[in-house]
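Structure below; questions to follow.
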Amino acid sequence: MRTVTYSQAGLEAVMEEMQKDDKTIHLSTNAPAALTDSFGTSRVRATPIAEGGFTGIALGAAGSGFRPIVNWSMVTFSFVAMDQIVNQVSKIHYMFGGQAKFPITFRTSCGGGGRMAAQHSQNPYSMFMNLAGLKMILPSTPYDLKGLLKSAIREDNPVISFEAGNMYAFEGEIPEEEYTLPLGEAHILREGTDVTVVTLGRMLHDTLPAAEILDKEGVSVEIIDPRTLVPMDVDTIRASVQKTGRLVIVDAAGATAGATAEIATAATEHAETFAAMKAPVKRICAFNVPIPYSPTLEDHVFPDADKILAGIREVLA
Amino acid sequence: MRTVTYSQAGLEAVMEEMQKDDKTIHLSTNAPAALTDSFGTSRVRATPIAEGGFTGIALGAAGSGFRPIVNWSMVTFSFVAMDQIVNQVSKIHYMFGGQAKFPITFRTSCGGGGRMAAQHSQNPYSMFMNLAGLKMILPSTPYDLKGLLKSAIREDNPVISFEAGNMYAFEGEIPEEEYTLPLGEAHILREGTDVTVVTLGRMLHDTLPAAEILDKEGVSVEIIDPRTLVPMDVDTIRASVQKTGRLVIVDAAGATAGATAEIATAATEHAETFAAMKAPVKRICAFNVPIPYSPTLEDHVFPDADKILAGIREVLA
Amino acid sequence: MALSAEKQLEMLRTMQTIRRFEERASEDYIGGAIYGVVHCYIGEEAVATGICSALNIDDRIISTHRGHGHCIAKGADLNRMMAELYGRATGYCKGKGGSMHIADFSIGMLGANGIVAGGIPIVTGAGLAAQLEGKGQVAVSFFGDGASNAGPFHESINIASAWKLPMIYVCENNLWSADTEAKGTLALEDIAARAAGYGIPGVIVDGNDVLAVNEVAEAAIARARAGEGPSLIECKTYRQRTHTERKEAIDNRPAEQVAAWMERDPIKLFAADLIEREVMTEEDWKKMEEEIAQEVLDAVKFAEESPFPDPEEALVDVFAE
Amino acid sequence: MALSAEKQLEMLRTMQTIRRFEERASEDYIGGAIYGVVHCYIGEEAVATGICSALNIDDRIISTHRGHGHCIAKGADLNRMMAELYGRATGYCKGKGGSMHIADFSIGMLGANGIVAGGIPIVTGAGLAAQLEGKGQVAVSFFGDGASNAGPFHESINIASAWKLPMIYVCENNLWSADTEAKGTLALEDIAARAAGYGIPGVIVDGNDVLAVNEVAEAAIARARAGEGPSLIECKTYRQRTHTERKEAIDNRPAEQVAAWMERDPIKLFAADLIEREVMTEEDWKKMEEEIAQEVLDAVKFAEESPFPDPEEALVDVFAE
């Protein structure tokens, strides 16, 4: 094993896959030096600031035999490309009757905590979940990012990698040898019997300490990281809730029609799971507000270890 | 009372409000003749096909003292304007500390059933619900459309009116005299004691006959139309579920992270409501696919009276 | 370079095939066998034909909501097109797309597209692919005057010029976007003038003269194949029908404008020219018309005899396996 | 028309205020009292100053991510600006916005904007409002060379020209967008050439010469007030600092390019010019610099002494009441 940052893990995934397949190309407004150095400016393009344009260009290149990797940078810039994402990327394979494949990987950093204010801070992944035709990963560690991103690049479908912007310096271990992680498999980080806590993205790291504290109090917490938002591994979540009878979902996005609502409903609409539930579902989410700039305000918006601990206690009461 | 179409109801709302306040203006790619005839081409603008551009223009005019009404036409065209909607319209009041007001009404037709295929058929309202800063109405009758739309135009905030594209010819009664309907109040269309059915938009009309059939079998169905998606009148829904113990939600959108997931979770996360529930929540939704063209395919995608009836029976079993 | 007689006759055949196919599509739309919405290309056939007749099969194009002409000009199969309009399982998109989404990737037709200007970036990506492959292929974006006011036009053509992509941007300026006159939505007479904003050539051509269109296409394509980058071609043309087919369509365009352009019907003009130049006889033309009429009838028959897709097919193709 | 001495000195004062304000903002960003991200306008002061000094208080402008200069030039209060950067409740946005979102609607400053090109349509809406009000106001859009490649630039300027809105589009061409050179992202030397695509005037001006900028601004504004529609002004300028402030900022621009532009510092040039023309003395200049330095110190003091917003304030202002 070796220790790498989240940022490095993402870069390694891209580098390895670009090495492997010369049909992979890379598009972003700032071309990463590590990529241009290795693959040249022909395959690694610095684009004008035209996310809609180059998202569409990636789609057309994908339909013409290439495997583009697009980095939108901040997820809020992806909204500029939303017509291409929604009307074209997500629908094109279906509406043309499956006659061509469109393998594209979109990378984007999301979240908050950087005092970047509303136009540079957001966790809007649930907006994309309601669409059909896009797969989505939400990696919470360097290990997950590298393994999932490599699978994403190999996918014959569009995949969005929602990466936590304030985790790029976060370190973690990865194997020396090559590995990939399958899309659509949740990761059980901690087994437990009293409550299931599903964490999304970076929220895992605020939840683990809460679980430790509860452990000392004799409460056994199961933590599940879905890792992939679409397809969602509901079976693992349901099985866990059937065991524990309690479901808490932690997300740094607003609750309304969020991924947390989907996960909650995946449990409560399922007969066996519903029957096993001993407490209402609990969403621990960011407040549904645009993200403010000032530290006192921004820190209030996102869940933290204290709020998570309090939230879990609530369903145990 | 008089009978008008859904289309006419919408037009009347706009006409009456434009008559009342000469700061209201209208922007759309096709300028409706009824409006240009009454208010001239200065206040009623036919725009180039640049939804992003004219959405932003409306926002700037709103911040400069006007009350724009924007008609995007098909909701799928709104994705072209998504940066303006998400990064600007929904955030601008907040990120500038509330120093200016941005009264804008967006009208858009959504849905399916018209054999218009994926790029002209969608019910993506849940994508907008996860944002903060936008209010949203989803009128299911001419009466609701006129009353809600007038309130929307008077609102000092951005409001999106999601109108059912295949309902414009649908007729209903409205009062002779002027009226408005408040945003944020659900409508109980039918009281009942055995099951609560929340219907979204046009799904109401496929649910009513199902309720009649069940009534004859001695099952008492309560039907609630939230009418406003944001703010959502969860109190009315929760109170109903506490009474009936069962919740079914019907939507012509895909289920994943949809408005239905939000409504389901609003019930199951609420202690009193959860405690009263005798059955799992049930979503009766469109399949999560892009909307196909051929009648045999499209008809299969959306819920209909039969599927609704079957779904309600399921939670009663 | 003078075109061979054979080539010219092929071009006339293409134009007439588009015409007849759409006349039938319109009829069947009104009759109820075709659903949703149908946008006819009738009157603009010289554009798609003039451009596509200068392309190879492995060059790529993209179309708009008004897509039948581009499909046929690029060589699409009438049977599978008509079957798609009929919503049948044998259609190009298995009935999932309909008129606004016919594509045939095997012949480099990347699809009709229902979002105005939405296809322009996509086909620019095909231009990037062509550049990366280095085999001298080009890509062509067809779009309307209305689309030229939209952001994706600007972003795409700018990127193509910055990267010298082998692209040809073909603006079909038919003076209207739906019921809105181009005049009111841009302050220019000539959309070709926009080329100046990208440092690329912008040429204007009579879009109802198929040979003229073909000539400027050849030049732009040669430039693109030589690695010299994109061109913008503005074809002045007109749609003879209303924006979409309707039972009782109301045309709000000035009657004199419509009449003047009907006079300049691209097929009549070209057929007369070919006869005058003795490339064909009246007889030949009549025979060609009959053959084409038969092909369209065959396509209808194929469509009618094809099954509707199984409802469960609606759940297939969301993702590639 | 020659500008009065008073007016010229006011312009110098504005430029120097921007400079000193940002020098301090940069320091405090590195020091940790200012958060997030700070984009400095240093080196480009002549643009905002030259344009805004030709505007009235009820004319409206919009800015970019690089917004301090436009705010100050339009007359914003330094205290409330600095307080906003410090994330305090007394800031322009009550601490909700920070550097990228300072706005003051009361003086026609519609805000800095964190989305490249995102503000262009918005301020075009202010131009529509001005046209509808008919009081002769105008609206100004500031944006970078990078933004000129984005769809909203095209859509907005096209609509403005079609509707003859009283708009001035001011492109601050500083040759770079973040770490990417303009050269690689557009095939033009002069962004002003894009005006041809909209049938409006496009002028190029030395963006480091405040009087030259002011002169072209006056002409464009007069045209707009007269109802003759929009203009595009390209200001050739350069940022003296890296794209954003960083502890260890790496500048990947060629050192000679940076050096050459440092030579042409707009403030030094203008101050020297004013002294040479005897509009002011060295003494006056020194005094002005000191006054400005003090104003910035006062602003810092105001910010430091202001409270942070209450956490619960985060939940306020989502909607107007």
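Just so it is clear, A, B, C and D label the chains in written order, and each chain counts residues from 1 on its own.
Note that in this section a residue touches a chain if its C-beta (ideal position, glycine included) is under 8 Å from a C-beta of that chain, and two chains touch if they have at least 3 such contacts.
Please read these numbers as outputs of a predicted model, since none were measured by experiment.
Chemist: If you check the contacts of subunit A and subunit C, which chains show up for both?
Modeler: A chain counts here if it touches both subunit A and subunit C, which gives B, D.
Chemist: Can you give me the shortest step count from subunit A to subunit D, moving only between touching chains?
Modeler: 1
Chemist: With centres defined as the mean of C-alpha atoms, identify the chain lying farthest from subunit C.
Modeler: Farthest by centroid: D.
Chemist: From the C-alpha centre of subunit A to that of subunit B, how far is it in Å?
Modeler: So the centroids are 29 Å from each other.
Chemist: If you average the Cα atoms of subunit C and of subunit D to get two centres, how far apart are those centres in Å?
Modeler: Computed value for the inter-centroid distance: 45 Å.
Chemist: If you average the CA atoms of subunit B and of subunit D, how far apart do the two points sit, in angstrom?
Modeler: From the centre of subunit B to the centre of subunit D is 40 Å.
Chemist: Nearest whole angstrom, what separates the Cα centre of subunit B from the Cα centre of subunit C?
Modeler: It comes to 37 Å between the two C-alpha centres.
Chemist: Which residues does subunit A have that touch at least 2 chains other than itself?
Modeler: Residues 47-48, 50, 52-53, 76, 80, 83, 87, 94-95, 117-119, 132-133, 288-290, 292-293.
Chemist: Quick check on subunit C: which residues sit in contact with 2+ other chains?
Modeler: Residues 93, 95-97, 101, 113-115, 118, 149-152, 155, 158-159, 162, 184-186, 318.
Chemist: If each chain is a dot and touching chains are joined, what shape do you get: line, ring, star, complete or other?
Modeler: Topology of touching chains reads as complete, every chain touching all others.
Chemist: Quick check on the complex: what are the subunit B residues that touch subunit A?
Modeler: 76, 79-80, 82-83, 85-87, 90-91, 94-95, 117-119, 124, 126-133, 230, 253-262, 264-265, 268-271, 273-275, 277, 279-283, 288-290, 292-293
Chemist: Can you tell me which positions in subunit C touch subunit D when the two form their complex?
Modeler: Per the touch definition, subunit C meets subunit D at residues 149-155, 158-159, 161-162, 164, 184-188, 193-194, 196-200, 229.
Chemist: Any idea which subunit C residues touch subunit B in the complex?
Modeler: Answer in residue numbers: 35-37, 87-88, 93, 95-98, 100-101, 113-118, 146-147, 149-151, 177-180, 184-186, 308-315, 318.
Chemist: Across the complex, what residues on subunit D touch subunit B?
Modeler: Residue list for subunit D touching subunit B: 60, 62, 91-97, 101, 103-106, 110-111, 113-115, 118, 120-130, 132-133, 139, 151-152, 155-156, 158-159, 162-163, 316-321.
Chemist: Once bound in the complex, which stretches of subunit B touch subunit D?
Modeler: 25, 42-43, 45, 47-48, 50, 52-66, 68, 83-84, 87-88, 92-102, 132-133, 135, 156-157
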